[in-house]
């Protein structure tokens, strides 16, 4: 077993409206960021997982995302990173 | 000018308490995810930026993060991705 | 380590060595730095606070505990206190305000009381950055209060450039408890265990109180940046568990003492508890649950991690208390025990790392004697009288639209003010009225302290704040039981600021004595100054009253035309000093000193006059910010469908309309009540003048001398509800 | 009749809900989120609050609590009438017992105001509610904007799942003006089978001096479900 740092990225489905992102985009426009055309907000979950290997670490994170971290009605998720951080035990 | 999809990842500073992450970790434990040792929640901002090149796209995103998207008291940010999505104009 | 690194002066260090009879080690010096800081020791303020009257028929516990306590009815008591979180809110508004709310809630819980209401008193500058601070602070107050389920039932907010880099965030919490659950700060007995519950201790906020709140700000961004490690994050969810667990533990009857961990964390909580109980304490830091590895004893002792509480429990009660805490998913961690000798002994990894007498730590800090000469020049500074401008519609709209007057719905909409279903009068009203299921009597809560009134004469501001809050409570047919005060000033080492502070306290003390309302606790916040520019001295007064019929509050609105309008206790020569109008004109002047003796005699007479009327036959409002004109507008068309027609016989109608002299009251009377009113007022010896009547049209019609003015409701509402700075 | 009120660690409207039920002559059974059954109750209210701190998404963590397994089983067997109020509604959606999700309000801010709501379709399990009937009830939430895909929303209206919509003082549904939080379709509450959820707080509107008695009437009609 070793320790893995796994990152889950959760985003709104493309067809779901993101008023909070729009509001941020609006403020950015007002602040003069006129090259920023669109803003969408998502969530990032950093997990520390004990696993045999990368594959297992990713699988556990994906399972956690499927069952709790992401809401399937609105969101999609992806495991974007898995780094070994702790030695074998 | 072309269109870039830029991702900004915003995380709590390591020394800042993350009650939200704690609560999520607690529930994951209860759900039987006993190999998940720690959970920290962050934010993800997807920006669509008009820019000459990748470098400029990243710079604009970083500037937006510095001035608005991230709270420097509590958070750190990183531009993690910049992909060209729209053709030149 | 050097004394100045922990905020101590050379003299204070010498005093420590003298009292200890030895030099302290670095850890011990750090503990002194925290407990002898202004924030924890009250070294500059204590002698002035001694002027405040503490005794009254309802008082159960005065200052000294975590919150004051008064008796409401039978076995039911009310605990309440105001606390400031000014500096943290400037550094990080959302978390600063949230942790302020969490802190005052825990103070009330530590008395054994269930929090049932919050009131917030806020001050900001008028510039754009201040707007962002306001938004963050409101977010933070709401976040914590809404989540933990305590309604924010009232509050106040004022704006002036003097607060631009020193916003004020004072929050008052009110809790209800049974006598049997009252916790005493002096309850710890030798042999009992000392336990910590709540959030694991991390490196947050080390020296937050002693350094952050005990120093002035400099304008440089880096200075604020460097204070950032002291920012704490509020966790209302754990706060809720901690509140429930603590109350459940106390309800078992097995808790001897409870103390929240606030400023200076474990050091302050343990030393204060030992000191007040006249005992010593042994702490074993290895028992403290930590969030981060490799924390030093210094960090563990001074961490200001939020959502923690210290409980003292004798061994034979442990089972019941442990179970009560465990129900709320928290764990009781044993971190020490109560001992007889006067010593706070701190062990870590099996070694004694600090050993100090609580009497020296908590009771030894030299107190600055009351200085009656400092700041006399402030008192003598003459401020020019405010000259009345010409009356026109624009002037009226200007006052209505002023940030100190305008509709506060944009703030209180973001607070849950109805949870717990007790709120009969919420933040839309001048005072809050709560109906309680536990007692027939209800509560009337008022909070008040305009800095405008204290800017030129702190005494007048302090006295005025008390006079105003007491009147608000009495106009709800209620009896003031006690008050709490939050004193906010600049750097007390400057004689002028110290003078303001002393005059402010004297004003509060004189008024509290005149009205016979005891001060049962409060808070002092100094160093609200940046680059030598101090805030206006600001004394915030919270009054708690007993309401005999809370489900039938005295009305503060009129819904029918044809009611007569009268002004009770009118100022003989109304003065515009300190008013919103004066503030808006940029020539504040000086708020007239309230005639305390006369007001103290008149308030009960006003109450008696109103009591004699048919309860459905009148509506009443005090004259507050914006003067008579705003009181009339709020009585009618800003909230109901009727308007007012008013005829003034004054030579100076502007002063009559906008003066904020305290003690004046507007009453609307059903036509059949007028003669009874006149007779009662005469009998009671209260002066009054006729103003006019309510009318069907939603307009304000004014006549004075040969002048006529008329404003429609949409004009007034638009001004009042649309807000533009500057 | 046996009605239960569930308390999650961060529930804060549970007490108000119990009191409201008592005023209607019902002595509620209190259940704790770790309980694995409802104590024989055939009626249950999931009250408002911040069930689990609501840190990930409102209701997300509470939806995975043991008591929700019991709720789901009884719902599947048609043996339970469920009412989710505010956070309780969020929990029902997160659990999949009601469709859609509740996201941050349009302006991202918490909002505590009195609002009008109108019955959009009569729920089959509750014959007391009539289409067009309106109530004045408080809302108090940050995440109350009902969200689904456009097609799903149409379907919910067609099926009669949309039970309550926000309305103005005259009882008219006017999307922008009388929609306090940006809910799609001005949806304030849903009912499907014997599961009902709404953002407003009927338990707070239980006497004139608190602002309205409409909530008492609402709960009375809920208790008349069949």
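Letters are used for the chains, namely A, B, C and D, taken in the order the chains are written, and counting of residues starts over at 1 for each.
The working rule: a contact is a pair of C-beta atoms (placed from the backbone, for glycine too) under 8 Å apart; a residue touches a chain by one contact, two chains touch by 3 or more.
Computed from a predicted model, the values in this text were never measured in an experiment.
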Chain pair with more C-beta contacts, A-D versus B-D: A-D
Whole-Å gap separating chain A and chain C, where each centre is the average of the chain's CA atoms: 42
Intercentroid distance (Cα basis), chain D paired with chain B, Å: 34
Centroid spacing, where centroids are CA-atom means, of chain A and chain D in whole angstrom: 30
Cα-centroid distance, chain B relative to chain C, in whole angstrom: 39
Sequence positions of chain B contacting 2 or more other chains: 19, 21, 23-24, 27, 31, 41
Overlap residues in chain C, where contacts from two or more other chains coincide: 235, 237-238
In chain D, residues with contacts to at least two other chains: 52-53, 55-56, 61, 64
Full enumeration of touching chain pairs: A-B, A-D, B-C, B-D, C-D
Residue ranges of chain A in contact with chain B within the complex: 3, 9-11, 21, 24, 27-28, 31, 33, 35-51, 60, 63-64, 67-69
Chain B - residues contacting chain C, complex: 15-19, 22-23, 71-74
Of all residues in chain D, those that touch chain A in their complex: 56-57, 60-61, 64, 93-94, 99-101, 103-104, 106-108, 145, 147-150, 182
For the chain D and chain C complex, residues of the former touching the latter: 9-10, 12-13, 15-16, 19, 49-50, 52-55, 109-113, 138, 140, 142, 201, 203-204, 206-207, 209-211
Touching residues on chain D, where the partner in the complex is chain B: 52-53, 55-56, 61, 64-65
